[in-house]
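Presented sequentially are two complexes of chain A, the first with chain B as partner and the second with chain C.
Here is the complex of A and B:
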């Protein structure tokens, strides 16, 4: 395939950040179709419009998703991207790899595709960028038979779940995010591969409220770790922080590039606590844990002195989505605390998931995210189908309008009234 | 646009092999063609039931039914639909029934 002139893209080889243009040119030395990727992209830079056709429906037998079909609208100019399908590959939870596995995957992709990837798609999948329809089944065969790996999800189904790296290397993890992410991915293979929902549905698992996988913003079903008992304080370590001792920089040294002065526990921790539930007694740090909302700030600032409690679990928040159709939403708190335990194979979390699905699959409209169904039908109804008692924690503030619905059985006398009876006491 | 020849008849299709003119060109010969490309050995009454349900719903509503509705009207659980149509209700059954290509974030 011919090399193309790419003056605009060439500009993007300048500067310190790793250049995707340089990488593509390097890849084009062994995979000439990459010249056509660059060529079509250059054309888009000139024309200021995409040159991919609308949509594309391709796949492998047995699955209803996993591959995103794409065709060039200028295939005569750029035959290398006439077909340019994207294959989503299920990733390991936490994205830990061996070079052996990555080499095997890349050998496969060099054989059947462009060799260009996205590590990783924002939902989490490893993404193989660009292949032809006739390569899909052979690629899938080798992927499953030789590498023992599977496709990710696409379409109106359960998308590929993702998690933070959890207990693997974080001292704040309140549950094993990788374990549940993997277990539920296995448990719900059917729901991932064969679209059966009104619309897409995503799981994300963050092991603490820092939410490193952004579950509260990017998943319909967010499991976010927390604890029920007291923050564990090591007063000796607190003193080390206050003394500015070697090895005890605030925030693990995150701000060492700036000149922020000596660590001031009053200013940087106590006064910034959102509930004001911390104070110093002499040189001892005190926390009124009953007033703590577990925002993580004090723990983030003094990781060697403060730790989450020992009674750990998670909160479940439901309904986050991007703006389309009726506005962006973060997830809403539904279950304040739940045990997340591999011992019962995450049965408690699975119970919650199935209640959401049973309801949403029945009442959800075509292409309506669960967050929109909750908005349309209302949080009270949603909580009742979830079999959750409404509690103050379910709202940030009570409603300010008085348009309150009552159930007929809650009102003495019900709704059946006779105007003649009314007129006996109130003349017209 | 590409066209496909099957047993002496030609059909206008898009890159993914969906009928561009839908019901206008759809016939049993088309079903026979799609059978071969969608991994189906024999068209059974069950296949026909799914095709009929899709066409009827599309004629009435102008869109393809949601998966749940297809399962309800045919009585086939999703698992059975995949046994009948290995590519699934969208790529397999809708293509065979001559419905437009599914769109959106697929």
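Here is the complex of A and C:
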């Protein structure tokens, strides 16, 4: 039986879609504290302000992240949520769980917490919502000793690295996203578990430009698979697509059954190329690869005819973020191509990461994402720090400042001059 | 680093004791030794947490440092 009247929340149970209110009521049958979540949320709807106190000093010994303190500011009314801390559990690369592992995690959370989860948080962690301070250490012990799993990142730490399925299932993968994700998770244990930076820092690894983990929009450091050479074309397969042959459905068959009519390569592929780098010569598809911007549309539409090239690696884009300060922004392409190789233990990528960190830790303000630091200081300075030569694509808009600020090394003779010689022609 | 580890630890503790606000960002400790690299300061500050001289305070998105005797838990 309901512990609190929740007329406003009850409205959210109407309609054909799933409702978290219904889920919490169901959970409250075995976890009574869930009534108090509903009661406090109802009060927040009435008062139009949150009743959670944000943050705190909770955590597990030796770690400076992974637990986020949450306390009710009306604990007398809702004692079940007096403490309601969040626990972030590091996700496996590519989010591959065994059912045995998922059951063990759920049993652990039923034992020590509310049983309420968020699968997954935007960093990728499995989020356990709601436990008391005294349960944290026992939960952490069981998680690490019995399940051999770890907490994820929070606060000013490196957040839990996330990746796509990569080579495990995807034919377009240009590097092994899961391998590097796991390797850098191990390499940067200190940065994940203890604060290191002015603010949060996120890695995300997408093995091809489809960017299934949205690295370019959601991570400070996006490693997105790409290729150097030409898109591989099987002209015989192109003809099969054009003929609508059995086994060659456009878009891998994802529009099968729809009333789309016959496949039209000109309309559905060539005309949609954002850089106009494709054309037909008779029944042969031609591509000016130097103009390809890696949108992946043609490859997605005709996967049996077109494939990424064979010289594979990744592009590194830096500085994406959500809109807390100056609005949301995509990451900026900084390194157009880099080898991503386990043979050198991903040394080339690590060199880039640490250049970014050294600069940002020095000049970044408190609570400033690296993308905001780049914006404040300016891309030319950032590129110079990264030892990257600017290219035309780095120019966002024609300049509006008429002044040119030269660096000493760009001026013949530098700033030094012979004052005696100068004074021979110019009185003091 | 101009200071030894012990001197830097003492400077960080002093800063955490005397700062007007009990919670400090890692950057607030940079001034304790302007010649030290940010990572060196971070390592010393985190080691002080392990020793119990400082503690972490986290909002979830940002982590700050504080002296245990200057900050109260909500428990």
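Things worth noting here:
Heads up, the rule we're going with is that the second predicted complex is superposed on the first by the 387 of 428 C-alpha atoms of A that agree within 3 Å, B and C clash if a C-alpha of one lies under 4 Å from a C-alpha of the other, contacts with A are read in each partner's own complex, and residues count from 1 in each chain.
The rule is simple: contacts are C-beta pairs under 8 Å (C-beta built on N, C-alpha and C of every residue); 3 or more make two chains touch, one makes a residue touch a chain.
Everything numeric here is computed off the predicted structure, so don't read it as measured data.
Steric overlap between chain B and chain C is present once the structures are superposed on chain A. Within the superposed three-chain model, A:55 lies in touch with chain B and with chain C [touch as defined at top]. In the superposition on chain A, A:86 makes contact with chain C only, not with chain B. When the two structures are aligned on the shared chain, A:248 is found in touch with neither chain B nor chain C. Judged by the touch definition given at the top, the superposed model places A:367 against both chain B and chain C. Of the two partner chains placed by superposition, A:172 touches none, neither chain B nor chain C. Look at A:64: by the touch rule set out above, it reaches both chain B and chain C.
By the touch criterion defined above, A:227 reaches neither chain B nor chain C. Within chain A, the residues touched by chain B in the first complex and by chain C in the second are 53-59, 62, 64-65, 68-69, 71, 83, 154-156, 190, 194-198, 200, 361-362, 366-367. In the complex of the two chains, the chain C residues touching chain A come out as 25-27, 37-39, 42, 46, 49-50, 55-63, 66, 71, 73-75. Considering their complex, residues 53-59, 61-65, 68-69, 71, 83, 154-156, 190, 194-198, 200, 361-362, 366-367 of chain A touch chain B.
Across the complex, chain A meets chain C through its residues 53-59, 62, 64-65, 67-69, 71, 83, 86, 133, 154-157, 190, 194-200, 358, 361-362, 365-367. Residue ranges on chain B touching chain A, taken from their complex, read 15-16, 18, 39, 63, 66-68, 78-79, 82, 86-91, 95, 101-106.
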